[in-house]
C-alpha cells in the first residue's frame, strides 16, 4: 500500500495544514523570527465551569433562556431540510421564541440535523465551542443516536453524545417539523428545570470529550478549544 | 441642585419609557411583518426576554479594548441622541439636555455610535463585519444627502436650527406641520429615513445570508444586549427627531408614541414591500429621486 | 589710473608677441595669455570701481589724437567699464577653465582666444560705428577661428554656417553704416544720435539696417539656427564665453545704438525680443542635448533683454537695474551651466544624475537653474519683479503676460532637467572627474549669484524690509551640513524658537498673523522635534526645511506685496527640495514645481495689476484693485490656490505628498498648505464682498472649495496608500477652508479659520503617526498593515482622537467646525455648495474608517508580530497636538472668542454670541463644554453597566472568530482592506476619473507638440539659415515701413 | 455514433464495445492510449463535456477499472471509455489538462481508491476524508463495518434487521404464523 | 535726373552685385559657389561704399602734386569711405579666407561640397 499522504514528516506534523505550521518571517526591521500559528493566532485557554447564580434568580433567567431560543443556522445531513419549514406559517416556531441566527456567537441552540461525517463533526465542534454558555444541543434523527442507516460507515459517527453533551434527542428518520417543535418544547422544559447544563458538563468532562473527538478527527489541526 | 436631580430623574424616566416603547415597537413591527406573511409571529414580550437572556449569558469573549468599547460607543450614541433631543414639547423635564445643542448636534451625534460600532467590529477582525461597515458607511453617505437638504430647507423655512423652536413653529393645528408647509423637504427626509433605518430595500448592511448580520457578527452576550438596547432607543429617537422636524412634535407621551410608531411603520411598510438593493444601487438611488426632491425643497426658498 | 586704451595695447601686444616668439612652450604661452587677460581685467575692474564710487568720470580716448569724426574714439563710462569687466572676467575664468584645451590646441588657439576677448572689449568701448563693425568682424572671425581649431566634424560645419551668417549680417551692417555716414557725415555714434537721421526715410532705412544687423548678432528667433549649432558643437567652455561674453557685448552694442533708433521702432524691437524669448524657450522644451538646450535658453534670455530694451520707454529709470539684474543672472548662470556641462561631459539631459555624487556641483547646478528661473534670492528675481511692476505701472499688460509666459516655458525645461538629475537613476553613469581649474570658475560664479542677489535686493525699494537673518542662519546650517542630524536639529529648533520670539512683537495685536505664526513656526518646532527620530546626517534637509519656514515667516511679516512673493518663492524652493526627497517623487515634485512656478507668475501679474492701480506695493494695494479687478484678484487667488491644491490645481499634491516621509509630509500638508490659506485671506480681506466682481469671484471660489472638498474626500476613500489617502484628504480639508473663506461672512470666516487651526492639529497627528508607521513597516500601503492596535496602542489612541475630530463627531472640537459651517451656509445662502461640502464631510467617514481600520484593527500580519510602538520622538509632538485638541474641545471659546473679536472688525454682523460656555448664532446654539461633560458622564455610566454585566469576558486572539465553522487561513486573506469601498466605487467612482489630470496632460502635450513642430524650421542646412536671415529682414522691413 | 466509433477503431486499439443506449456506448481502451483517446474525442469529435471519472475495484483480477464518460452536447451523444490499470501500482495518466474539473475527480479517486495521478493539481490533498490514515476506504479489502465499530463507539443494543424481512414481520405479522 | 552718371551706375552695380551674391548664396548647393557668392556680395558692398563717398569732379583723396594741399578739401572726394572700404576689403578677405579654410576642412570631412550634406546638427 503506497502512502496516501505524501507528508512524511513526524507524526505530529503529518496532518497539520500548511498555514498552521510554524513559519519564519522577516519583520520590517529585518530581524527573523518564528511564528507558531496555533499558539499565536488562537487562544489556548480551556473552558471553565460557570456555576448558576442563586436559585430564584436562576429560575427566572432560565425561563427567559427557554423562551428565547436562538438557533444556529447550521445544517448537517438530511435534517437540515426540516428546519426551514419551522419558520413558515404552518409551523411558525417564532411563536415559541425560536429564532434563527446566522452566527454561533449569538446562538444558544445548535441543531445537529442528521448524520455527521467526521469532517462535519469537526466544524460542528468548532461552532459549538464558539457558542456562548449556556448553550444547548438538539440532536435530530437516528443517525445522531446510533448511526442510523450509516451505522457501518467508515466516515460517519454513531453516537453524538460522545462528542458533545446532547440535551434532547429527537428520534426518527427523519423526524418531521412537528417532532422538532416537540423537541424544542422538551428542551424548554429541561431548561426551565435547570437541567440543561450541557456547557458546564462539556467543561467538566472536557478531557474525555476531547479524547473522543481526537480519536476520530485525526488531523486535529486546531486549538483544543475554539473560543 | 434639586432641579438638576429632578431633571436627571425625569431624564431617566424618559429613557426608561423610550427604551420600553422601542422594544415594544420592534415587537409590534415584527408581528406586523409576520402577519403580512401569514404567521403569528413572536409574542409581544419577546424583545424583553431576548434582552434578559443576552444580559445573563454566562460567558463572553473579547477581542480587545476597542471591541469592548464599541458597544459602549454605540449605546452612547443612542443615549446621547436621546439626551440632546427634546421629547415632549412644552414639558420642562422631558426636553432632557436639549439646551446644550441644536439640530446639528443631533445629526452629528449619530456618528458617535456609528464610529464606535465600526471600530469595535473592526477590532473583532472579522471580514464580514468590515464588509458590513463599509457598505453601511457607503450607503450612509448618500442617505444623509437628502436629509441634509431637508434640514437646510426647514432651517431656511423657520430661520432656526433649534429643534424646540422648530416644533414651536409647528404648533397650532395640523396644517402648521412641516409636512404641509414644506412637503418637499418632508418627502426628501422621509426617503432618507428609509436608509437610516436600514430596512429592506436598504438592508444590505446586515445581509443575514451572505455576511451573517454584518457588523455585529462577532458580538454576543451582553455586548449584543447593549447593541439591542441601543437599537430600541435609537429607533424611537430617530422617529422622534423626524416627528419634531416634520410632524409637529409631541405635546404629550401619547402623541409621541403614536407619531413615532407611524414614522417607524413607514419604513417597515416599505421594507415589507420591496426587495433588497445592492450597495451601489442604493448609493445611486439616494442620489436620484430624493436628491432632486431635496434640491427642489431648497429652490422654493431661494 | 591705467588708460583703457591699454586693454587693447596689452592684448594686441601680447598676441603679436606670442605670434612672434612662437616657440615658447605651450603652457607658458597660455599662462602669459592668462596674465594678459588678468591685466586687462584689472584695468576694467579698476575703472568700474572708480566710476561706480564716483572717483572718476566718464573718459573719452581719442586715438591718433584727432577728434571724431576724423578718428576713432573709445569711451570708458560706468556701463562700458562694467561690461568690459564682465567680458574680461569670463575671459579670465574661461581661460582658466579651458587651460588644458588651449594648451592642447596650441599657440594659434591661445592667440585667437586673446584676440576674441580683446575684440569683445573694443566692441564695448568703441564709440565709432565702423570700428564697431570691424571688431564685430574680428570677434566673429576669432570665434570661427576657435571653432575651426576645435577639430570636430560638427563644429566645423556649424562654424561654416556661423561664418556665412555673420558674413551676411556684417554686410548688412556695413551698408547701414555707410548710409548713415552718407546722411550724417560722421561715424561717431554720438554724432549720429545728434543727427537724428531716423526722421528721413533714407536715414530710417540706414538705421533699420544697423539695428537689424545688431539684433541679428543677438541671434533672434527664428533666424538663429547658425548660432544654436555653434552652442551645441563647441566645447562647453567656449560656449560659456559665447553665451556670457559675446552675447553681453552684443547686447551692449544694441544698448549703445538704441538712441539712434527712432521711437516708433521700439515696439518692433520688443516684439522681436519677445518672439525670441517665447520661441526659443518653446523649442527648448523639446531638447535633450544639454548644450543645445542651454543655447536655446541663452538666446531666450537675450530675447528677454532685447524686449527690455525695446520696452525702455515704459521702464523709466528702472531700466538699468532691470537690464543689469537679468543680464547678470544670465551671465553668471549660463556660464556656470556651460562649465558644469563641460565637467559632467554628458550630452543627454537625462544623464546628469551622476552629478548627485558631487554635492557641491549639485548645489551649484541648483543655484544656476534657480537663478535663471528668477527665484529669490537671486538677482533675476528682483529684475523680473521690477520689470513686471514697471510695465504694469505703464499699462503694458500684454507685454507682462508674454514675458511671464516665456519665463514659465523656460521653467518647464530647465526644471525638468534639474529634477531629472536630482532623482533619476545614476548607477550606470561614469564617475565625474574634476580638475581644480575646471572647478574654480563655476564656484566663483555660484557664490557671485548670491552676492549679486543681495546686491540687487538693495536696489529694490520694496525689498528693503527683507530680513536677511534667517537666510544667514540657513546658510550657516548649510555650511555645517556634514554634522549628524541631531546637532543640526537642535540648532535648528533653537533658531526657530529664537525667531518666534523675535517675530512675535511684530505680530502682536494681529490675531490672524498670530494664528499663522503659530501654525507655521509652531509647526516648525514640532516637526523638527520629530526629526530626532532620524539617524544619520539627512544631508540637505535642514537648510531646505528652514528655507521653507523662513519663507512662511516672511509671508506673515510681509508688509508689502514684494515680500509676500519673496517669501512665497523661498518657501516653494524649500518645500520642493523636501518633497523630492521621497522615493518616487520625481514626476510629482516636477509637477509641484510647475504649478508653483505658474502660480507665482500669476500672482506676480496680479500684484502688478494691483500696483498699477494703487501706485505702491503696500498690502493695502490689495484692497480695491482698480485695474482689471476681476482678472487681478482671480490671478492672485489662482496663485495662492496652487498651494492649497484646490480643484483644478491639485494634481501635484497626492503624488508629491504621498511619497514624502513622515515629518516632511506633516510640513507639506499641515503647514505648507496653510500658506495658501493665508494668502487667500489676505486677498479676500482686500477684495471685500460688495463689488460685483467680488461676488462673482466668491461664487466661483465657493464652488471650487466645495468641489475640492468632494473630490478630495471621495478620492481619499479609494486610495490604497495611507499617505496618499491623507494627501487627498488634505485637498478635501483645504476645500472646506476655501469654501468657508469664500462665504465672506463672520461665520464663514470663523469656520474657515477654525478649520485652519484644527486641521493643523489633527492632520499633524495623523501625518506624524501614519508617517511613523509607514517608516516603521516600510510601506505606506494599508492593506499590508492591520491589527497594529495591540502593538501600537498610543498611536491608535492618537489616531482615534484625530479622526473623531476630523469627522466632526461631538463632543470633540471637529464638531464646532461642522456646526459653524451649517450655520454659515444657511445664513449666507450657499445652500448647494454647502450640501456638497456637507456631503463630502460624510464621505470623510469612509476614508477615516478605512484609515483606522486597515492599519490598526483587523488582522495583525505575520511580519508585524514583533513591531514596537513608533518612536517616542514622533509621539511626543503628537501628544502635544492631542493635548491641544482636547483643550479646545472642552473650551472652544479659547479659540472662538478671540477669533470672533478679531473678525468683528471685518464682518461686524452675524457674530457668535456667548453665554458662559454656550455659543449661539441667529440660527442655533451649541455648548461644547456641557456636551463634553454630558457625553463623558454618560459614557462612563454605560461602560460601567457593560462591565457589570460582562465581567468575565475571555480575552481571545485574532483568529478566534466565527468563520462559517471554518478557521481563517492567513491574516492576509482575512484582513478586509484592499479595494475596501468597491461598491461605492461602482456608484461614485466616476467622480474621481482623472479629468483634471487629463486636461493638464492635454495642455502639456499641446505645448510639446507645438515645440516639436516649430523646431523643424532648424533644418541644419546653412543655406536655409541664410534664407531665414534674409526673410527675417524682409518681413521686419515690411512691418516697419 | 457508429461512424465515430469506426473512426476511433482505426486510430486506437479498442477492444470491447458495449452499447448501452443508442446514443451511449462504452469502449474499452488500453491504459497508455486512454488520455490520447480522450483528447481526440474532445478536440476532433466534439465531446466537449466531461461527465465523470469513476473507478471499480476488480480485486479478483487485481485491477482497477477506470471509466471516463464524455458527452457531446451538439450531437447529444455520450461515450464511455473504460480502461484497466494494475491494482498494485495504481497509477494513471492525469487528464486534468483537458478539463479543469477532472482534477477533482482524480483527487477523489486518489483518496478513495488510492489511484495516483501524477501531476494532477492538489491530488495529494485530502478531499472528503480529512486526516485519513488507513487504506483507502473504497478498496474492497477495507472492512468498513469493522472500522466503524472500532472507531465510532457503536451504541449498545442496536439491532439491525433485513428491511424486507422486518417490514414483512411488522406489516403482516400473521403471515408467518 | 541724369541716370547715366557715374555715381548712379556704380551704386546700382554695387546693389546688383549684392543681390547677385545673395542669390548665389541662397540657390547654389556647392559650397565653393556659395563662397563665391559671398565674395560677390562683399564686393558689391564695397562698390556701394565707394560710390557713396564719391563727389563728382573730384579726385581721389591722395595728396600728390595734382592736389593743392591747401585746397584739398574741395578737390578730393570724401576720404572716409575710401578708408573704410580698404578696411572692409581686408576684413572681407579675412572672412573669405577663413571660409575657404572651412571649405577645405569640410571637404576633408565628407568628401563632398554639397551644403545639404552638412546638416547633422539640427532641431
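All chains are identified by letter, namely A, B, C, D and E, in their written order; residue positions are counted from 1 within each chain.
The criterion applied here is as follows: a contact is a pair of C-beta atoms (placed from the backbone, for glycine too) under 8 Å apart; a residue touches a chain by one contact, two chains touch by 3 or more.
These numbers were taken from a predicted model, which means no experiment stands behind them.
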Review point. Out of curiosity, which chains are bumping into both chain B and chain E?
Key: C
Review point. Where each step is a move between two chains that touch, what is the least number of such steps from chain A to chain E?
Key: 2
Point to revise | Chain-chain pair with the highest tally of contacting C-beta pairs | key: B-C
Review point. Taking each chain's centre as the mean of its CA atoms, which one is farthest from the centre of chain A?
Key: E
Review point. Which one chain sits nearest the middle, judging by mean Cα positions?
Key: C
**Study point:** Far-end chain from chain B, centres as C-alpha averages
**Key:** E
Check your understanding: What is the distance in Å between the mean C-alpha positions of chain B and chain D?
Key -> 60
Practice item. Would you mind pulling out the distance in Å between where the CA atoms of chain A average out and where those of chain D do? Key: 34
**Study point:** Inter-centroid spacing, chain D versus chain C (mean Cα positions, whole Å)
**Key:** 78
Study note, to complete from the structure: Touching two or more other chains in chain B are residues 59-61, 212, 217-218, 221
Check your understanding: Every touching chain pair, please?
Key -> A-B, A-C, A-D, B-C, C-E
Review point. Within the complex, which stretch of chain C touches chain A?
Key: 776-779, 862-867, 952, 954-960, 962, 965-971
Check your understanding: Which of the residues in chain A end up touching chain C in this complex?
Key -> 19, 23, 25-29, 31, 33, 35, 37, 40-43, 45, 50, 74, 103-105, 123-124, 126-127, 130, 222, 226-227
Review point. Hey, which residues of chain B end up touching chain C in the complex?
Key: 55, 59-66, 68-69, 71-73, 75-76, 79-80, 83-84, 97, 99-105, 108-109, 111-112, 114-115, 118-119, 122-127, 130-131, 133-135, 137-138, 140-142, 144-145, 148-149, 152, 155-156, 159-162, 212, 217-218, 221-223, 225-226, 278-281, 283-284, 287, 294-295, 298, 302
Check your understanding: Can you name the residues of chain A that touch chain B in the complex?
Key -> 47, 50, 61, 64-65, 67-68, 70, 87-89, 92, 94-95, 97, 99, 101-103, 105-106, 108, 132-134, 199, 227
Review point. In their shared complex, at which residues does chain C touch chain B?
Key: 787, 789-790, 793, 796, 800, 804, 807-810, 815, 818-819, 822-823, 825-826, 829, 831-832, 834-835, 838-839, 842-843, 845-846, 849-850, 852-853, 857-859, 918, 922-927, 930-931, 934-935, 938-939, 942-943, 945-946, 949-950, 952-956, 958-964, 974-976, 980-981, 983-984, 986-988
